[in-house]
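In the two assemblies presented below, subunit A is common to both, partnered first by subunit B and then by subunit C.
Entry: the complex of A and B
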């Protein structure tokens, strides 16, 4: 492997890793405030990607402009799901484990509904848009401009998330709820409101990430689940609630996938992250956050 | 004995169904095969997830592994179909044991377990779709069933075996252990129940039955491709059907699978594209209003009727 190839692969990996990290941050936020593992997270991303695709194809709207639109749209959808499904479930569930199980099944339903609605509306055709696809050269290395855009937007959004969570009162409240709901309630935090904000914000990030992903990846109705699984891997490996850890884990996964697809073939790219996850579970069994609650 | 009647009725029903091909039309025979398949799948899913409380969102993995084990054994290795079926049982069983040893032994939390399973199914699908040696996304065409109703009998046999197994477990000491785990895992462990062993055994048992179903289905269709074998809706359907009938009960998944597979059949001839959406809506409605399924609804109705009857008598 030449030095140029190495740098090129590294750069590709970092671009994807930044995007993965962003998606994982949203998933982590939702899990923190709501105790919900939203397996339909990637479906929101898919909808965001389609939105960007159609706005670009029909009216030549730049995906960068579609990004806030997708974020708002997915935030609204997320809040509707929350009001319609999660609130009644939370009111009905007697145990936290029962709630966790019920939400998993509900979101499996939501996942299938969204996938199949997308399939009905837009068929299974592979869609892609070409936005800023001309290469930018740095000496021997060339990279499509859109990848640089994706990387910088992902980094900026992640940094904003970090500032929000660490430097504002709202972030403090979100962290408090994530750590201990009951104590947070005792401290006068409106846990329900924080839950809504967290879910809305997490969904908005998924939508924005979808608009970003549409510029560098093909869009299909079933594209979401792989992103969800990768975000989940990153969340577990990076550490629940640990934003910095998640960002690093995201970059690591992106880089790993990039080298794996060069060395062992692109078809096994998606499996590498899973090997990482299973290895991590074996290594950290009984001591990490992932295993804190038996049931 | 209070539980004697349902057992006798079930045995008679199986005996009656065994004579089915003699007096049913070919359409009804194939419809019943689909029903048996779903009874086997929902019942097996329930063996693990319903009885231990660990929801698995990717049990379709074992269906796909069973189907592919059979297809690879018969169409690439040219083994006789019987060996293919045996592999279709052994491969999913071994892989389940391996997954179980990692995940269940690690005491991974419920939600993580569910998502890891979902991911395993999805990742396996993408790998299988890209490996040329096993047909990549074009799939494989194993030789078809030689005798006409073999698939019918085998699927009926699997469905009956799964149900009998669930009944046996429910009425054994082992079943009491499982119910203790379902109610409170920590307490179960404290009173000396080997919780990991119980869960692992049920996990492997469910994978074995599902694998065999998958193997038989791929033999029967004499075609298998990754998108069909590892289809997300396989994992989803068994969950919905078991839930529609009633989690953790013996009769629930059977009832649920019978009703829902008929609904599925009706929908797939009129609006196939809406079927997953309708199932998705159904699961949401169920979990919000009747998480215990038909069995719970039945008991709720009995509860409403009883005080009224008493009032009339007084």
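Entry: the complex of A and C
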């Protein structure tokens, strides 16, 4: 493999990795504050992508401008789901474990409903938009401008998330709730409100990531689950609650996929994540923070 | 004893009477028919929808033309046609269910085919089960016709034939193209094509430097193309179905890969989806010839114009093959002079048919005996016949 090839593959991998990391960070936030596995997270991404697609196709709105719109829209949708489905469930669940199991089923229902609504509204056709698809060249390396945009925005948003969580009172509260709900409550934190903020923020990030993904990927009603699975893998490998770890794991998955499709074959790209996950579990079976949390 | 004989006699008589009634019923049914009902399942949504929608359009256009002319003539009576169809969302099981439904619940007279080798392979089991002839409109995989089925016929050329023309071109231009990279889609038709292409290239002594399969409906080819680019082949052959060729071509520009010869299986025939979308990157893309309106066959240009007039887009060759299968079926019904499925099958088996792709005559497998293989190329945004030389409108231009 020549140096050019290597850098080219690395670049494509990092772009995907950055996007994966952003999605996983949103999912991680929701898991942290609510203790629920939102398996419909990717569906919000899918809706965000369709929003960007239609705004671009109908009115030539740049996906970068659609991104905040998608974020707000998905934030609202996320809060509606929370108010309508999760809150009543939390009020009626007898044990935390019972609540967690019930939310898994509820979110599976949400996933099916959103997918099928999208299927009815927009059919299963492959949609794609052509935004900044002209290549940019650096010597022998060349890459479409939209990929660089995706990478930069993903990195900036991830950094903002990091600052928010580490440097602000809100971030501190969110982390406190994630670490220990009961103690946080005793310290005077409005756990319910933090839960809402966390869920809304996580959903907003999914919407924004969807708008980004629409510029470099093909949009279909079933595209979401693919990203959800990748985000779960990244969360487990990076460590739940560990923002930096998740960001690095995201990049690693993107890079691994890129090289795996080169070395093994294009058909094996999506299998890479599972290999990473299984390998990781075998390697750190008990000591990983992820498993301490999940248990 | 007497009682028993009498009962036997009575029983026999009633069976006989029943049979008479049945035969009479069938004849009366034919004479009372007001229309011919045809059913099909088609992938209006899902991964095959780009290709399959053109098949659907062609069926609809044909039915409209037939009905405008009064219908199909059966023993001197003109019967209009009525099409019934269901979307199978590009899903094999749904397609199978749709055909069961068409035959058993809707009780259609005859069937038209779905789009694509995969679905055709699966649904043709129903044709044998119910003994209903069908002229498949986009079933090019040889395997479909090697199963000894009696009720299927094909309007496409077979996978084994498609790369004859590109092979001949490469044989005649050995100095230009010495190495080839291949990417092929994970799909029955394209895998068959891939097998035959490899054999052809081996016999020519052309070296294959990369040979990669990619997932059905693949969209991200950046790693694959980086690999192909690194091997710097003279020619890049993509064995695709739509729409992956669009993403492939776009990403080739992105990684800066421009081989001397770039050939796709399906692409430029979709003027709007491929050539118009890609603009400059579509120029000089070579495509397997399936059908072309400029070929010297009666009705070809006329069909091309009528399709544009109705749909405001050019017909892909899927649309042409679909039209060919319906016109062949129509001719067979007229020749049989009946809607009896066995008689129509006989008419198909023994007949000669004139179509917008020349004369058709089926062999024992149900495959056209004389198949034309040719190449087209996008030149000045126009799909132009470039090979073989006897039908070429312009020579093949290199580099891509």
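Worth a mention:
Heads up, the rule we're going with is that the second predicted complex is superposed on the first by the 292 of 295 C-alpha atoms of A that agree within 3 Å, B and C clash if a C-alpha of one lies under 4 Å from a C-alpha of the other, contacts with A are read in each partner's own complex, and residues count from 1 in each chain.
Criterion: a contact is a pair of C-beta atoms (placed from the backbone, for glycine too) under 8 Å apart; a residue touches a chain by one contact, two chains touch by 3 or more.
Just so you know, these numbers come straight off a predicted model, no measurement behind them.
Clash-free side-by-side placement of subunit B and subunit C is the outcome of superposition onto subunit A. When the shared chain is aligned, subunit C comes close enough to touch A:217, but subunit B does not.
More subunit A residues lie in contact with B than with the other chain of the pair subunit B and subunit C.
Of the two partner chains placed around the shared chain by superposition, subunit C is the only one that A:137 touches, whereas subunit B remains out of contact.
By the touch criterion stated above, A:91 is placed in contact with neither subunit B nor subunit C.
In the overlay built on the shared chain, the residue A:121 is in contact with neither subunit B nor subunit C. In the superposition on chain A, A:102 contacts subunit B only, with no contact to subunit C. Of the two partner chains placed around the shared chain by superposition, subunit B is the only one that A:236 touches, whereas subunit C remains out of contact.
Legend: residue contacts after superposition of the two complexes on their common chain; A:267 is shown touching both subunit B and subunit C.
Between subunit B and subunit C the least C-alpha distance in the superposed model amounts to 5 Å. 119, 265, 267 are the residues of subunit A that lie in the contact sets of both subunit B and subunit C, per the superposition on chain A. Listed in rising order, the residues of subunit C touching subunit A in the complex are 44-47, 49-50, 89-90, 183, 186, 212-215, 217-224, 226-227, 229-230, 243, 247, 250-251, 253-256, 277. Listing the residues of subunit A that touch subunit B in their complex gives 37, 39, 85, 88-89, 92, 97, 100-102, 104-106, 108-113, 115-117, 119-120, 225-226, 229, 232-233, 236, 265, 267-268, 270-271, 274, 277-278, 281-282, 285-286, 290-295.
Within the complex, the subunit B residues that touch subunit A are 53, 55, 57, 102-103, 105-112, 114-116, 118-120, 122-123, 126-127, 129-131, 185-186, 232-233, 236, 239, 243, 273-274, 276-277, 279-284, 287-288, 291. Residues 1-2, 4-5, 8-9, 12, 119, 123-126, 128, 130, 133, 135, 137, 140, 142-144, 217-218, 257-259, 261-262, 265-267, 269 of subunit A touch subunit C in their complex.
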